[in-house]
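Common to both upcoming complexes is subunit A, partnered first by subunit B, then by subunit C.
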Partner chain A sequence: MNCPALITFRPGTWIALADSPSLTLAHFRASLLAEIGNGARVASFFGQPGGEALDLFAILANDVRGELGLLRTSIGKSYPALTPDCPQLHLFERELAEQFGVRPEGHPWLKPVRFHNHWVDTADLWGRAAGEHPLAGEMNFYRVEGEEAHEVAVGPVHAGVIEPGHFRFQCHGEEVMHLEISLGFQHRGIEQLLVGGPHPATIYQLETVAGDTTVGHTTAYCRLLECLAGTTVSARAEAIREIALELERLANHVGDIGALAGDVGFLPTASFCGRLRGDYLNLTAELCGSRFGRGLVRPGGVPCALDKTLVATLRQRLETLEPQTRGALELCFDRPSVLARFEGVGRVAAADAEALGLVGVAARACGLSRDARANFPGGRSKGHFELPLLETEGDVFARGNVRRREVYAAHKLLNRALRQLPEDHGNVPLGNLAPAALAVSICEGWRGEIVHTAITDGKGRIARYKIVDPSFHNWSGLAMSLRGEQISDFPLCNKSFNLSYCGFDL
Partner chain B sequence: MLGSLVLHLVLLLVFAPLWLGIIIKAKALFGGRVGAPLLQPYYDLARLWRKGFVFSRTTTWVFLAGPVVGLLVPLLASLLIPFGGIDAPVSFEGDLILFVYLFALARFFTVASALDTGSSFEGMGAAREVTFSCLAEPTVLFALLVLARLADGLSLNQLFGDHLGQAWQGGAGASLGLILVCLFVVLLVENSRIPFDDPTTHLELTMVHEVMALDHSGPLLGMILYGAALKMMVMSALLVRLAVPWQTGWWLTDAGLFLAGLVGVSLLVGIIESTMARLRMPRIPQVLIGTSLLSIFALVLVLR
Partner chain C sequence: MLSIIRERFRQGHRTGKFPKEAPQLPARFRGLPEPVGDLSLSACSRAVANCPFGALRSSANRLHVDLGRCLFCADCPAVAAGAIMFSNDYRLAARCRDDLLRGEEEYRLAKQLDKQMLKLFGRSLKLRQVSAGGCNACEADLNVLGTLVFDLARFGIQFVASPRHADGIMVTGPVTENMKSAVLDTYAAIPAPKLVIASGACAIGGGPFCNCPETHNGIGDLLPVDLYIPGCPPHPYTALDGLLRLLGKL
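Right after this comes the complex of A and B.
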C-alpha cells in the first residue's frame, strides 16, 4: 500500500522542491504513521524556516524496498507531537524545539538536546535567559525518589581518554533503574556552518563531524553533492571509497573488540587489538597520508593515486593481518570467562530497537536487517554486498559478534575490491548544484547508517544541510540496554555500542 | 628476637613491591608486550613520595587515617606470621584472631576514608569492598581452624609449623589442598586481582578497591599502594608456607626458599590475570560462599 502523499525515490536522485507538496499537518501525520506501520523508519527529520512558518521534512527509509520517502508539511509555533505515536522521533522533535522554538505539544520528554541558542529569534521553551549561551547539561534530570534509591553522576569529564558526556544513573543498590544521557558538550554548529555552501572549508568541516568516521561522512557528503550536480564519478573512485570505508570499519571494529576485552579485564586480546587497529589505520594512511582518512574523499572523485605497487602492498599487508586478527578475536570469543561477561548483558529487545529506530551494528545485533550497503547500495556497488550479518540476542555478545563477523567480511570485500579495481578514469569536475532541490545520501559507516540531506536555494547553494549520524538514533538504545542491569556493567555496554559524542553534538 | 624482627621487616619492606612488578611483567608478556621494568612499582612509589598533598575541603582527618592505618596494619600483621622457615618474631596463643581482625581494622579505616570524601563512586566501592570481605572472612577462619586442629595450638607460629610437611603426606593432604585453594581465592579477592577486581582499570563504575583511593594522591596514594603491596606479601607468605612447609634451619636458605615461593605465587597470579576475564559483580559473592563451603568441608575432613 503506497500512500499517495509520499514521494518515493532512491538515493542518488534529487527532487525538485516544487514537486513535493506541503501536506496538511493531519495528512502528514497520518501518512507518516502509516508508513512507519508498513515497515519504514525515520532516517531524517528536520525543519527549514519558510517565511512565517516552519517547513518540516521527514525522510523515511524502507529497508525492504530499498526506497526512501519524503513527506513535507508546514507548522507554526506549536503542533501536536508525533513522539507518543512514533518514539523514534523523540530526539528529532526535541532537536526541532531547540533549534526553532516550536513546541511539540504532548511530547513526553521535552528537554534540550545540545544546549545552544535558537537558530531563529524566538522565545526559549525552557525559560532560559535570552542572549546568554545555555550551559551544557543544565536541565531537569529524571529522578527516582525513595530511601533506598541513589543517584550516580558520571562525566562530562571521564577517567579515560574519551569525549565528554554526562550520564545520570538512578540506582537501587547495584541495579540501574534508569539511565539518562545528556550530551551537547561538543556542539560546534556544523549544520549552520554549511549553509550558503559549498564553501572551500566545507569538506574539512565534514571530515570532522565525527573524527573516527571521516571516510563515512565525507563519502555521504560527496555522494550528495555529486547527485545534486548530476556528476557521475569514475568506477575506480567509487571502488576506492568502498575500500576506504571497509578499512575504517576494520580499524574501528577491531579496536572496539579490543576495548570490550579490556573492559572485562581480558588483556591479551586488548593489547593485540590495540596494535592491529594501528596497523589498519596505517593502511588508510598508505592510501591518503592520513590515518583517519582525511583528504581521501573529495567531490568528484578521490585525489589519491592507488597504483599497482600500492595495491600489491595493501593486499600483502592485509594477507598478514587477517590471520593475526582472527587469532586475536578467536582468543577472546573462545574464552568461557569472557563469554560469561558478554552473554545476556545489556540486552535490547528487538521490539525496543525497532521502536527507537536503532541503526547499524546495534540494530543488526537485535536481528533488524538494517545495512545501507545491502539495502541502499550507491551507484555501481549494487550486489557487491549480499546480506547484512545479523545476530538475534541484542546483548553485548551479539554486538561484539556482529563486529567480529563484519571484520571477516570486510577482509573478503577488500580482497575482491583490490583484485577487481577498475581502470582509472580520473576525477570529474563537479558541476553546479541543482537549484531548489532536495537530495538525500545514505552511507553505511562503521557505526551504522549516515544520512545526509541537503536542500538548495534558488541559486544552487546549500540552504539547509542535515546530518544524521548513527549515534543520534543509538544513544537511546544504550540508555535502554542498561535497564535492570548492574551499574558495574555500564562501561561494557557503553563500549559495545561505542557511540560518537561529536557526531551527535554536531 | 630482635634479629628476627629486623629480618622480618627488612624482607617485607624491601621485597613487597617486587611481586607487583613480577605480576605486571607476566601480564605484559602474555599480552605480547615488553612491559614496564620489573622495578616500576618502586619508581612509582618514589615518584608519588616526592609529590605534594592535596586535600579536598570536605574531608577530615579520617581521610588521612585510611592510608596510614592501611600501611601500618600489614607491618604489624607480618610480625605474627612465619616467613617460610623463619619463625614469627611475635607469637602468643590466639594471635590468629588478632591477625584476621587487624586486616578488618585496616578495611574499616580505608572504607571510612572513602566515605569521608562524600563521592558516590567511593561510597559504591566501599559497599562492595565491605560485602566481599564479609563473605571472605568465614573462609579464612575455617581455614585457620583446620590448621589449628592439625597443629594442636592457637598461635600462627604453631599453625604454620614444620608439622605441615608430615600432614601433607598423612591423612590431612586433601584438607590442606582445599584450604590452599580457598586461601588463594581470598588472596585474589583481598588484593583486588582479576577475576574479582581489575587493578589496572580506569572505569570507576567497575572498581571495587581502587575506587576508594580515587581522591587520594601523592604520598597518600603512595602509602595506599605500598600498604597494598605489603598486604599482598603477608597473605602470600601464608600460602607459601602452607604449600612449601620445608625448612633448612639456616636463615639465609630459608629466606631464599621463601622468596622463591613468593615469585611462584606472583607468577601464578600474573598467569591467572592474563588468561581470565573478570567475573560479573554478582558472581563474586557466589564464589566466596563456595570457598566458605569448601573450607567447612576441609574442616569436616580433619575432624573425623
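Right after this comes the complex of A and C.
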C-alpha cells in the first residue's frame, strides 16, 4: 500500500502541527506496519494530550534513505495494541500506558516501565492505590514454574559502583531460560520537567539525562532547539561538537573493552584501559574544564574556545594515546583464551535485533547498518563514508570488536577534524522557537542513536519533549542475549551492552 | 606472555604520586571559587536570581557560593559579573553542610574523624556505594579511584559489594523516590558505627533536580552526613582528597 499519510522530512527541519494530518487509527496502523515492512524502524513513539483524546505520534527512521517519517493519530482510553504486529513498539506502548493511563488492548506484556503515577488524572491502569507513589519493581514478573526451575533476583542495589536496576533470571540449573529487567529506580521525571520550557535549569538537566553521554544528549537537545528557532550555528561549533562526541566515544569504548577484559580475567588490558579511559576524559576536560563535557555544548554554539595551542595539545596527546590504546586493545583481541570467552557468548540473532529495534553498537554487532553519523548526519556534517562499522555474529566478541574498530575510526575522524577546523565565526543567539511545531533531532552517541523530539505550544514553549536514549531500545537486546546462556556469563553480556539506567529511566 | 610483558613496559608506570605531589589538572578545570571583586547591590541580586539552583547568596556587596548547590557550571552569573572566579583548587570536601558556604574567609576543609572512629576506620575503610538517581558521572568518577592511576586500595579504602562488609555508605544522586527505600535499607544493613558520605551536587542538595517532584534534595534530609564532596561530578582527586582528610591522612 502506498502511504501518502506519511510526512517525510530530514533532521534539521521542523513541521507545523497544522500540516500533519491526524489519521484514523486503522490508517495509522496500516501505514506504520507498511513502513516497518519496507525497512523503516521506530525511532520514537509518544503521546501528547489534546483535549479529551490523546494525540499519538510515531517517528519512523529509514536508514537507507536517511529520512524520517511522521505518522499521527488520536486515541481514547484504549486502543488495539500494535506490539503483537510490531514488537519493537513493546516498551513504547508500555510507556504510553504508564504516562497517560491508556490501555493498549492485547498488549502481551503490559507492565509499568518506570513506576510513577499517570501524568493525567485518571484511574490507575494497574489498580494501584490512588494518591500514593507506586512502589518501584512492584509488578508481576514472568515466572517459569517447575520442580527444577529456580529464580535468581538481583538488585536494585548491585555489587559494584553502578546504577540501580532489578534483574530476574528464570533458570534451569546454570542455564538462563529467561531474563526480565525491571528499571525505573533512577526516574527523575526529566520529560515532565521540560514542559513549559526551556527553563534556566533545563540544559543542566539535559546534561545529566545520562551523565556518561553528556555531549550526545546536549548535542541532540541543542540541534533540536536550533532547528525550531531557525538558528544556524557556525561550522566551527558543529565541528567542535563532533570532536567532543568522538572523544566521548573513545573514552567509553576504551573503558568498555577494558571492562570486558576484566570480566574474563585478562587483567593487563583491563588495567591499561582503565588508565587510557581517564586520559581521554581529560582531553574533554582540556576543552571545557569537565571530564564529562559539562558546559561544552550550548544552544547557539560551543562556549569554549579551541585555539591553535589547544588544537596542537589535543593532536599531540592523541598521537601519544593512539599507539598505547592500540597496544592495549590488540593484546586482548590477539589472545586465544580471551577470544574463547568472547566468541559465541550472548548471541543475538540479526532477525531478533531487527524485530526488537536495536540501535548503536549492539545493532551494528548484528550486521544492522544503523549509525546516525552515516545515515542522519546532523548539523553541517556531510556524513562519513567509512561508517558504519559492522560485525555479523551478534555475540560479545562482535560488540567488543565494533567498539575496537570504532576506537581506531574515532582517532582518524578526530585527526581529520582537528586538522580541518573551520574558521571561527562565534556563537549565535538562539531565536524564538517556532510555535505549534514538531521537530526531531538525531545524534549518534557512543551507545547508539539518541533521538529527541519536541512539540511546541502556540507561544513557542515546549509542550512535549520526548527523549529516546539508545538504552531504551537495547535493554531488550540484553535480555534476549541471555537466553540459553550460563547465568555466570551475565556480567560479561551486560558489559558488552553497557547500557544506561538513567538514560532509560529519565 | 612475552607480548604482555613488552606491552606492560610500553604502557609505563602510571600510578600518580598523590598525595606527595599535587595532581596536574586541566587549565580550564573549575575548582574552589575565589571571591575576586565587589558588586553593586543590584548586580549582586541579579546574579543571585540568575543562578537556577540558588547557589549564590549576597552579603552586602559580596557574593557567597553554596558549594552544596553549585554545579561548578561554565555559565555562572557570578563569574560573568566579575564577583568570583573558579580556581584550579580541587580540594573541596567538608564535614558540615554550613562549611560548604564559600565566602571571603578561609574555606573549612574536612577535618579528620574523632579519635574513636579513627581508631576503627583509620587504617581500613570499606564503603558501600549506592547510586540513587545519579547520572553515572559521579559513579564513573568514583569507579576510576580503583584504577591504577589513583589506586585507592593503597590507602586502605575499598568499595565493597555487601553493606554487611561496609563501614559506611557513599551516596550519589538526589535520591529518587524510587530508590529511597533501597538506600535506607542498605544503610540499615551496615553495622554501626557507620559513616554517610554524600558525593556530588545531587547527593548534597539535589543538584540539577533540586525541588523536583520525583526526587528528594539529596541524602542529607534522610541520613546524618559525615562528609560532603562537592562537584558535578566531583573530580576523582576531590573525592580522594576528601576521603584521605576524613581518615587524617592529609
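Here is the rule we use: the second predicted complex is superposed on the first by the 500 of 506 C-alpha atoms of A that agree within 3 Å, B and C clash if a C-alpha of one lies under 4 Å from a C-alpha of the other, contacts with A are read in each partner's own complex, and residues count from 1 in each chain.
Rule of thumb we're sticking to: a contact is a pair of C-beta atoms (placed from the backbone, for glycine too) under 8 Å apart; a residue touches a chain by one contact, two chains touch by 3 or more.
The structure displayed is predicted, hence computed values, not measured ones.
> Once the shared chain is lined up, is A:N282 touching subunit B (first), subunit C (second), both, or neither of them?
second
> If you stack the two complexes on chain A, which partner ends up touching A:P268: first (subunit B), second (subunit C), both, or neither?
In the superposed model, A:P268 contacts both subunit B and subunit C.
> Quick one: name whichever of subunit B and subunit C touches more residues of subunit A.
C
> Tell me the contact category for A:P491 with respect to subunit B and subunit C: first, second, both or neither.
The answer is first: A:P491 touches subunit B but not subunit C.
> For A:Y221, decide between first (touching subunit B), second (touching subunit C), both and neither.
A:Y221 sits against neither subunit B nor subunit C.
> Quick check for you: in the superposed arrangement, does A:A153 touch first (subunit B), second (subunit C), both or neither?
First partner only.
> Quick one: is A:A340 in contact with subunit B, with subunit C, with both, or with neither? Answer first, second, both or neither.
The answer is first: A:A340 touches subunit B but not subunit C.
> Looking at A:Y465 after the superposition, I want to know if it touches subunit B, subunit C, both of them or none. Which is it: first, second, both, neither?
After superposing on A, A:Y465 lies clear of both subunit B and subunit C.
> Which subunit A residues lie in the overlap of the subunit B contact set and the subunit C contact set?
159-160, 268, 271-272, 275
> Within the complex, which stretch of subunit A touches subunit B?
Per the stated touch rule, the residues are 150-154, 159-160, 174, 261, 263-268, 270-272, 275, 335, 337-338, 340-341, 345, 486-492.
> If you look only at subunit B, which of its residues touch subunit A in the complex?
27, 30-33, 120-121, 123-124, 128, 194-195, 198, 200-206, 273-283
> In the complex formed with subunit C, which residues of subunit A make contact?
My answer: residues 114-116, 133, 136, 156-157, 159-164, 184-189, 192-193, 199-201, 204-205, 207-212, 214, 268, 271-272, 274-275, 277-278, 282, 285-292, 294-295, 298, 303-304, 324, 327-328, 331, 334, 500-502.
> What residues on subunit C touch subunit A, complex-wise?
Result: residues 3-4, 7-8, 10-11, 14, 25-30, 50, 52-53, 71-75, 86, 129-144, 146-149, 159, 161-162, 173-174, 176-179, 182, 186, 202, 207-209, 212-215, 232-233, 235-236 of subunit C touch subunit A.
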